[in-house]
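Per-chain numbering from 1; labels A, B and C assigned in written order.
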Amino acid sequence: MPENRYENPGGSATPRPGQERYVAPVDEGGLGAVDAVRTDDAPTSLWRDAWLQMRSRWLFWVSAVIIVLVVIVAAFPGLFTTLSPRVCNLSQALEPPQPGHPFGFDRQGCDIYTRTIFGARASVVVGVLATTMVVVFGTAVGAIAGYYGKWFDTILSRMTDIFFAIPLVLAAIVIMSVTTNRTSFTVAFVLALFGWPQIARITRGTVLSVKNNEFVTAAKSLGMGRGRILWQHVLPNSAAPIIVYATVALGQFIVAEATLSFLGIGLPPSTVSWGGDISAAQGAIRTAPEILLYPAGGLALTVLGFMMMGDVVRDALDPKARKR
Amino acid sequence: MLWYLGRRLLQVIPVFLGATLLLYAMVFLRPGDPVAALGGERGLPESVQEQIRADYNLDQPFIVQYLLFLRGVVTLDFGVDFRGREITEVIANAFPVTIQLALMALVIEAVFGIGFGLFAGMRKGGIFDGTALVISLLFIAVPTFVVGFVMQIVVGVQLGWLPVSAGRDPDFVSLLMPALVLAAVSFAYVLRLTRTSVAENLSADYVRTARARGLNRSQVTGRHVLRNSLIPVVTFLGADIGALMSGAIITEGIFNINGVGGTLYDAIIRGESVTVVSLTTVLVLVYIGANLLVDLLYAALDPRIRYA
Amino acid sequence: MTTQFPVTNEGADGTTGPAPVDTSTPLLEIHDLEISFTTGSGEVQAVRGADLTVYPGQSVAIVGESGSGKSTTAAAIIDLLPGTGKITGGSIRFDGRELVGAPRAEKEALRGRAIGLVPQDPMSNLNPVWRIGTQVEEALKANGFKGSKADLRARVAEVLAEAGLPDAARRSRQYPHEFSGGMRQRALIGIGLAARPQLLIADEPTSALDVTVQRQILDHLEGMTRDLGTALLFITHDLGLAAERAEHLLVMFKGKVVESGPAREILADPRHPYTQRLVASAPSLASRRIQTAHVHGEESPELLAHHADEPPAAGPATVVETKNLSKVFQIRGPRPGSSTDFTAVDDVSFTLGRGRTLAIVGESGSGKSTVANMVLGLLEPTSGSVEFDGVDLASLNAKEAFAFRRRVQPVFQNPYGSLDPMFSIFRSIEEPLRLHSVGSAKEREARVRELLDMVSLPQSAMRRFPNELSGGQRQRIAIARALALKPEVIVLDEAVSALDVLVQAQVLDLLGDLQTELGLSYLFITHDLAVVRQIADDVVVMQNGKVVEQATTDEVFDSPREQYTRDLLAAIPGAGLVGDEIAG
């Protein structure tokens, strides 16, 4: 028993004003169900929760519209223009906008609107290809390193460090400069080759924290194999940061592709691309700067769409916001 | 602390070896002969080609080539390029202006990124925050070269505030616009990182406790919120030194600066493989060094790391 | 303002004693306080019409479960409501001044100087990047300390020494991560009292600490506030603790004060139904083992029949036996290649009888969870053995080991981590059945429904996800999953420690019922001796990896042989009250 410090030990003396015994009236029977299960509304998984949260934000709809539009343009450019981006007439070079040619003509006399429409495909293809490769490879490396640990981790993490030590654009410039066969696939591959360490590090970190969860221990004590635990429990729970990063990375790869094409070592001039068109417009920058703005605008809008989507998805999947 | 430093230094060595081997292999282990491609359409006489191959150890097995190259890196003697210039001298000429450019960009992105980020994070969800977020996204979405051109046209040509290109021996003023352009993307990242970090720290328990013990708003902001928020930001800035130097390739091209980027681009166009590998190796070294610096900075800023 | 701020030694070491204060007018008067938070789905009222009076030098406790509004009320006093919280009505008068609607600067001036705070979690409430001494200095300087640098340093050491930190001058130069939880909490108490406030708000000041440390810190806090004449507002979830430490008591439930009055009176004669349940459920106050099947025997007979055909009584009386179990971990040192051995479990032997409950009790670092993991077969012993029905686990081949999993299942502490958030409840409970290829899809679904009935959850919960359930419900699901394969032994690793008192009592009841119905054996790992009394037959007390004492529950509680066990028992809040107030 602690020493008693009070003037009225045991509550025997009269309580002071404001501290009299008080018992609230029993109300609305809210006491009975201490711990009842909600049964009135639809069940919500975490993904549904995230979706409900995302769809209430205007930023989500803006970026979704941009992304869908860009993807449709990339897949079916013929829906938006009847002209061909490669049929150009030098005599029309640098002519201003006119009916049927809303953006005017570039230095080769090509229709800028048509080239801007057709340029979407190269960006989207390279971006999606590179992102897919990076996600598949980076997730695999990060998950194995984080989940199996020990020497797997030592070797894979060092390998990640090595690739991480070479800046993406620098490495891509060096490799592309010595690559003769330049296609969307090779550009995407080179970008992916030096782009995966980021995602591997993110995955490794997430897997490390997820694998300490008690539901993983519970699965182990059921006798579940390690591979199956990784696949069924650990990876799905590590997906959120990977998805967020992939959305942002897609935008970054599109910028990187444009940068390479701008330097003349990305996609060959025969492929219509925004980077290439910006590079071509560079020559007329003092006299007709506006022809640079159309492909640059397409590029910026696309990247902006993915970046904003990344922001929205991050907020919706944020574990901190979700916890309570 | 010393053990921590020692262990990090030891970890850097295999990374450096791996990265340089990777670069070397990518340039020299490819189909096609770099020497045969020299001398334009006609090519060089067979005897001259042989001579070049011998000079650059290209007739040796690949791994020997690499080891000889490595010896050059360690002794700071990269040999001569195809035009007979000392590569070490080429590097020494190229780096100062790029370092100056990168440091200017670093200061710009740190000052504005942290300043705006702090302001946005303190009032998360407000008008300034929303505007800052959209603007930062624009900076990330618009490629550096487009920002460069737009700046050239608007600030350089139409307003005439800053010189359009830098040229030889650029001074502070003529490097200002390239530095702004170079800093643009990183500025956006610094802003966003500071904002998130500040907003997170604002709701940290120790910030509440600091207020509970009677500290006023500016004391809490400065001593607790900002101090703790700066840890990830400073580490980002440290790592960015390396990224800025290699990112300068594009900026230097646009503004006609004769730095690392210009020299590297020149070497790539001319097929000077040895120069390309040497320059990129130095850049990788800077990058690795910057990352090492970040680790030390981290340990200095966050006492929990020191004995780890 | 009447706050005094002793800079010299006289006031600090208590030689002059507390200043005479007028104890007849209330120091703090809260009347009809309303607080609400703005969420995505509108306004949520967190506190509804709360009244509270504190006299100078008095100690008052607010008791409630999580979400009851007790911490919110406390935060409102010092104007530090989290997030979107705001006061929507009522008044808070401190020392005769109205605080609701007062200018910010005025409220800011009160913090630290007139009202101190000792926060809940010592781990997150000190800024990790500043030295402890610097954070004490801040508190002193912000509240009007005038003096030289040397004075300041001396005063910092004094503040820390008062709070019970040994070697305070040296300690003040250390960083928070170099302190243990108890030491950090002492530092926070020192900071809270540094400027000699008239009122100290202690928000669950010890719930994150080990029980024996808890007691020391509370004693110290009580002693200090008494010596300084500081009023103490004590926020806690533990009714026993509150009654033991406070003169006046408020019980809050769902944002309302449901009962208030003299502490012992409430404890001895709770009148509101909620308080009555709280008193009945508080493990620290319960003196007997929970009576299970007799009271709660209304479960459907079909369910019982299902298990009746299994022979729970068959087999030897001992299910699990550990012999000289040891586990040594290698801890990597700072230098390359250097490592030290850490013996987490040292020569532990015990037996778990069939159909019985064995509790392993210990504080953090005692090695109790490591033992649990070895019994579960998740961790290999360094030496010694775990025998299940007389068979050494180490001797099993892969197939036998897989089959063994069906006989022992765990339930873990954290109700938020023990279920995969991506799995629906159905999938979570069905997983063990599917993995061990039990029955057809239809049979499995029937079994899941049956299991949900057994843990008293509606079958409709099946399609829900863990994030939609409360902590207690998740723990029921975890129990249902553990039962799916009809195991003989369940390892309960702090399985009820994270739950609120009432929910904890419900889950303990459930566990008792299931044991009677299914003949289960429990290995109950816990730090809380109070709970042990409610559920266990036998107790193993562990400290630093070793078994300190081993006996039946009654023996341990009635006549503990070891000093450490006595310390643990004495640390149960309200332990003293049970004897002379409730039972007497």
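Here, contacts are C-beta pairs under 8 Å (C-beta built on N, C-alpha and C of every residue); 3 or more make two chains touch, one makes a residue touch a chain.
As the structure is a prediction and not an experimental result, all values here were calculated from the model.
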Could you work out which chain's C-alpha centre is the most distant one from the centre of chain B? C
Applying the document's contact definition, name the chain pair with more C-beta pairs in contact, A-C or A-B. A-C
Hey, which chain is the most central one here, using CA centres? A
Between chain C and chain B, distance of the C-alpha-averaged centres to the nearest whole Å: 50
Just give me the whole-number Å value for how far the CA centre of chain A lies from that of chain C. 40
Taking each chain's centre as its mean C-alpha position, how far apart are chain A and chain B in Å? 23
Footprint of chain A on chain B - complex, ascending: 11, 14-16, 18-19, 22-23, 26-27, 30-32, 133, 137-138, 140-146, 149, 152-153, 157, 200, 242-243, 246-247, 249-250, 253, 264-265, 268, 273, 276, 280, 283-284, 287-288, 291
Residue positions on chain A within touch of chain B in the complex are 158-159, 161-163, 165-167, 169-171, 173-175, 177-180, 251, 255, 258-259, 262-263, 265, 275, 278, 282, 285-286, 289, 292, 296, 299-301, 303-304, 307-308, 311, 320
Okay, in this complex, where on chain C does chain A touch? 24, 26, 29, 51, 53, 55, 58-59, 219, 222, 226, 244-245, 247-248, 253-254, 256-266, 271-274, 277, 376-378, 401-402, 404-406, 408-410, 412-414, 416-422, 424, 431-432, 435-436, 457-458, 460-461, 463-465, 467-470, 472-473, 478, 481, 485, 502-503, 506, 576, 580-581
Going by the contact rule at the top, pick out the chain A residues touching chain C in the complex. 1-2, 5-6, 8, 10-11, 15-24, 26, 30-31, 34-35, 37-39, 43-46, 49, 213-215, 217-224, 233, 236-237, 322-323
Chain C residues touching chain B - in the complex, by the definition given at the top: 78, 80, 82-83, 108-109, 111-113, 116-117, 119, 121, 124-130, 135, 138-139, 142-143, 175, 177, 188, 191-192, 194-195, 334-336
